[in-house]
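Lettered A, B, C, D and E in written order, each chain numbered from 1.
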Amino acid sequence: MDDFLLTPGQYERLFAGFLMTVRILGASFALGIVLSLLVGVARLSQRPWVRGAALVFVEFARGISSIILLFVMAYAIPILFGVEQRNLLVLGSIALGINMGGYGAEIIRGAILAVPRGQTEASIALNLSETQRLRHVILPQALRVILPPMGNLTIEILKGTALVSLIGLGDLLAIANQMRQRVDTVVLFLNVLIAYFVLSQLINGLFRLAESRVDRRFESRAAGPDQADTLKAVT
Amino acid sequence: GGDDVTDDTPQVGGDEGTEDTTTDETTDGTDDGADDGATGETTAGGDLLAELQEAGVVRVGIADEEPYGYVDDDGNVTGQAPEVARRVLEELGIEEIDAQVVAFESLIAGLQAGQFDMITAGMYINPDRAQQILFSDPDYCVGEAFAVPEGNPQDISDLQSVADNPDVTLAILSGAVEEGYADTAGVPDDQIEFFSDVNAQYEALQAGRVDAVIGTTLTVLTQVEDMDGFEATESFFPLDEDGEEILGCGGYGFRNDDQEFRDAFNDELNRLQDEGELLPIITDFGFAEEDIERAQELTVEDLAG
Amino acid sequence: MATNVSDKGAAAVRMRGVRKAFGDNVVLDDLDLDVEPGERVVIIGPSGSGKTTILRVCMTLERPDDGTVQVGDRQLYHDERGGQLRPAGEKHIRSVRSDIGMVFQHFNLFPHMSALENIMLAPVKVHGRSKDEARERAMALLDKVGLAHAANQTPGQLSGGQKQRVAIARSLATEPAVMLFDEVTSALDPELVGEVLNVLRDIAEEGSTTMMLVTHEMGFASEVADRVVMFDQGRILESGPPSQVLRDPQEQRTKDFLGAVFEH
Amino acid sequence: MATNVSDKGAAAVRMRGVRKAFGDNVVLDDLDLDVEPGERVVIIGPSGSGKTTILRVCMTLERPDDGTVQVGDRQLYHDERGGQLRPAGEKHIRSVRSDIGMVFQHFNLFPHMSALENIMLAPVKVHGRSKDEARERAMALLDKVGLAHAANQTPGQLSGGQKQRVAIARSLATEPAVMLFDEVTSALDPELVGEVLNVLRDIAEEGSTTMMLVTHEMGFASEVADRVVMFDQGRILESGPPSQVLRDPQEQRTKDFLGAVFEH
Amino acid sequence: MVVGLLLAAGLYLVLARLGTRRLRFRGGDVLGDPDLAFDPAYAWSLVPDALNALTVTAFSAVTGFAFAAVLGLVLALGRRARSRLLSWPFAAFIEFVRSTPLLVQLFFLFFALPELGVTLSPMQTIVLGLGVHYATYCSEAYRAGINSVPKGQWEAATALSLSPAVTWMRVVLPQAIPNVLPALGNFLVAGFKDAPLGSAIQVTGVLFFANTTAGRDFRPVEPYLIIGLCFLLVSIPAAWLVRRLERRIGYERV
């Protein structure tokens, strides 16, 4: 067993990288969710130009490879637009967030379409505004459909965070690479792989938890005994 | 070509407050928490030095290459260049350095894009690079050597001997000067394997993917020291088109806009060099005294063409 | 708002020249229809004759191709400025729409909210009531439809009849001047129809709400309707008190239709 | 192989103490059933009585919980070694199983193969026939079921009755000693039932194949059956020639069942 | 069908010839204008190198995917194994590989395997890495495809006494695989987008080209934008084709 362990000092270094990985994941996730929502809703807009712009974004974000987008963001964009971008964390998160937004928007679009039309019509009949409809009626119901694929997508983004090591950010993989020369590489990378695995299982678990909480809102137990009673009481 | 695009953006200088957290975030977590201050925005003109002095921290780029600039076992940034830079910057009132590890070929792009404020990777000064960025005066000059399996089975001594032996595959660091040396010596393309990572070259040698690695004598010596069954060849100086020997002399890189910072750094560097302060720092990393003395007579103008 | 309408003595709903086609299928054809304040109009007619469509046009769920719809003293789809009618924007439509409520055949309750939350949503979010006020009123409505005990159950836990009663309470909560009911009992198991009709009867008896009902329950229709309107192919075939249209129809089409319904 | 069975004069199928339960639901309960070589047994009984299950047990689609099934002179689920019965491995089961064929209610043709390919598959792949030989025989079978012209059509291009006839040809192609038919006409439109029954009648008339049929076509049953077996709740209620069981049943349950079937 | 296969095989051979070269990137033929953030003339001079690099990336993606398609089937079958002793390791392997980054897996294959006595070339590494990584995705698609074959088909195979091998090869897979094709197509596109990761282990594909060229000519804008464009030009039409395939197969299934 000891053969598969590193020294405490080495774990300490890796942990610093792990924290960086988590930070990048958090930042790209936040941006990704916001973009997914905005673009996903925009994909269904009544205005053709909004729909078109959203489609272009989706095709771009999904068509370009996230690793290439990352390098474009890190090396081409700052020089091209003269934005002196010193904050790699922001850059990397934007690249990964755009990537996530492209896929997430399609998830959200599909989920909104899966909400029965009657729900929209009922909320029009109640005179809710367009945003209120979305906020109180459509999205809460779409959430059920959104969560499972969004969980998978988040794990994809976690995997994507490893790419930032290539543009000079000190994430888990970058630290591992710096230690590579002086540590048994088999043990080192196994440890790193396991760290990613644990993190992704954690994400998985969080999403499952969220799913069960959302499901509880819809609780539709088939005619239970208590319900039969209430039926009798009424008629 | 000195014009840097950052010229057009003087207005970004003001909002230092927003940058407070960012230095923190751009660290790679390798240097033990030496990133408590803000460095502020880099802008045109010479206020970078003042800003750095104010913040007390400078961000540097390294390529993780022993002994020039690397991360040691404990995660600390060290090496000949970072250590010298530390000493010089101390004189300028900047206490800490905060390093980012990037691929060697991305050092200049990273500097230009503003990801860090100077290169402390022992980068050789040559005319191509000097067109892009500013260099300090050199602080060392060394020759080249090969890392080869023990006993040097392919009998490699210089680049000509590689060019003459089609069985030899040579590892070269992508974006480094050795590529040009190999071209001049007429090494065919299919004998060259490019790497973007110094360590990967030596791992490839160990794995038998390549037959030799070319690098500065120092790099090769440091690397083979840790490797069983490999040795360094005699140091040599590669030849240019005219058959003249090329000296490889390393210095510190700065953005073209940061002339004042470069000058201030250069003045202190030369002063410390003259006082012999740097000698012990550099020799600590395996350099010979003559490597340093060779550099003392040269200025950046001699090398930048 | 109901007072607003009767103030002027105008019709509660006044349709003029309303036309609606889906592709080549002309569903409403140059239709005129007036409904007086407080009137209870039952709309009958064969399947596909446009009964649902006329309600959906009133509810702005379908935009008419042509014609005007006036609700109370305001145009629904048009701005009146300087005597001129111009197509109105979303804001105007929303403001007029708040005078109308609708109950659907398939309830369309929000499945992620309890019965109570379903009823409170519009009063709080659209009409800016306080939560406490809205809750109190919602509980009163639930009590009225006989479901006070089910306030915290979600639609998934309710029977069809219970769902429809909650849906009715929900649309009453914003006190619309005009209520539209589209075959609100036809998705229900026969034994649950009665409980919903009882609730409708109660509302009708209170008398202040203008109601337009599409239904195939002829007994119920003749009981509550002030007027029965017979639709056919997007036009009004005949119209009059139930005693006339249901007992003694003038048109052959109506007779055939009623014959078919009663046989069933 | 059919000869193999009759050689010994043994039963074609002999079930002893067969038991099968799904969870708490005991579907076959300590069942004994013998079928003679060449015999045509029709199984009838109410829905859920276990008719399908008994065929599926014979076809090894369900493994019985208890009891033995002998096919010809060999045990299906057991190895007989030194007079001892031991649960048999997959290999043994496969070898005995090749004496049995089954036709399903829903045909289960392979949709990606033509009719001809469906029929040729087993002879070529299981019995090692040459392609030419298999094709010749398959064409003869298609001719027999009246579908020689449809040899190259895929199931998607065939009607239900045609599909079922191809399925019958397919299971005949390996010349099993025992053929099982599970309501092979009940998924068909009424006007297509006749063509399939005709094919079954032809097979029955040839007389060499042992047949177990589950069917609700009582006319057909009384025509082809040597014996009718009435199932109820996983047991055999009564059994005998059609003239007896269908015309003059002994058990009240059978009378009720037949009454219900004929009424329909 | 046959023509299509021959055409695909021919294209692949061409790709294999072009994509297995060890490329050397020497930067642009013309110097970029320092006053321009983006110099079209300079960018144009990089196009030949970029296209060559693209063949390398494409070759690694296609070969890796072919490997994934085959290995994925093996994983899917292993996971379906009746014995839990057999199926559990397959399930665990699939889950583990799916939830860890491809880049780390590539580093493991490239740097750690030699310590265990297996040394792979960069191209072998990226092909194996993409292959194994996407095999786990493919296996899930196959699993869904296999589950979509109606139970009656299995029963008919039993009734005809078909051996397990014949049942799989002639009955189940021919029905399962068409349903899986759109998913596989998506994975091919996704694999293509991950193929530039080979750059980290010295595969001379598009990203290696961009890094080297930027490091050599000190002009990062043009090479990175060129390869970004390359990717959009390849992967958007490819994704569009896959969606068409999806619709067509969805239609045929009705």
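Operating definition for what follows: a contact is a pair of C-beta atoms (placed from the backbone, for glycine too) under 8 Å apart; a residue touches a chain by one contact, two chains touch by 3 or more.
Keep in mind the model is a prediction, meaning the values are calculated, not measured.
Under the contact definition, subunit B and subunit D share the contacting chains E.
Chain centre most remote from that of subunit A: D (centre = mean of CA atoms).
Chain A has the C-alpha centroid lying closest to the overall centroid of all protein C-alpha atoms shown. A count of C-beta contacts for the chain pairs A-E and A-C puts A-E on top.
Greatest Cα centroid separation from subunit B: this falls to D.
Taking each chain's centre as the mean of its C-alpha atoms, subunit A lies 43 Å from subunit C.
Averaging C-alpha coordinates per chain places the centre of subunit B 37 Å away from that of subunit E. Separating the centre of subunit C from that of subunit D, both taken as means of CA atoms, is a distance of 60 Å.
Rounded to a whole number, the gap between the C-alpha centres of subunit D and subunit E is 48 angstrom. The multi-chain contact residues of subunit D, meaning those touching 2 or more other chains, do not exist; every residue touches at most one other chain. Within subunit E, residues 37, 111, 199-200, 211, 214, 220 each touch two or more of the remaining chains. Residues of subunit B in contact with at least two other chains: 5, 103, 106, 109, 112-113, 203. The set of touching chain pairs reads A-B, A-C, A-E, B-E, D-E, using the touch definition from the header. Remark: subunit B residues 5-6, 8-9, 12, 19, 22, 25-30, 41-42, 59, 61, 64, 71, 73-75, 100-103, 106, 109-110, 112-116, 197, 199, 202-203, 226 touch subunit A in the complex. Across the complex, subunit D is touched by residues 150, 152-153, 155-156, 158-163, 166, 170-171, 174-175 of subunit E. Listed in rising order, the residues of subunit D touching subunit E in the complex are 59-61, 94, 97-98, 100-102, 104, 106, 108-112, 121-122, 125-126, 170-171, 174. On subunit E, the positions that touch subunit B within their shared complex are 22, 24, 34-35, 37, 111, 114, 119, 121, 199-202, 204, 208, 211-212, 214-216, 218, 220. By the touch criterion given at the top, residues 1-3, 5, 103-106, 108-109, 112-113, 128-129, 131-132, 174-175, 179, 189-190, 192-196, 200, 203-204, 206-209 of subunit B touch subunit E in their complex.
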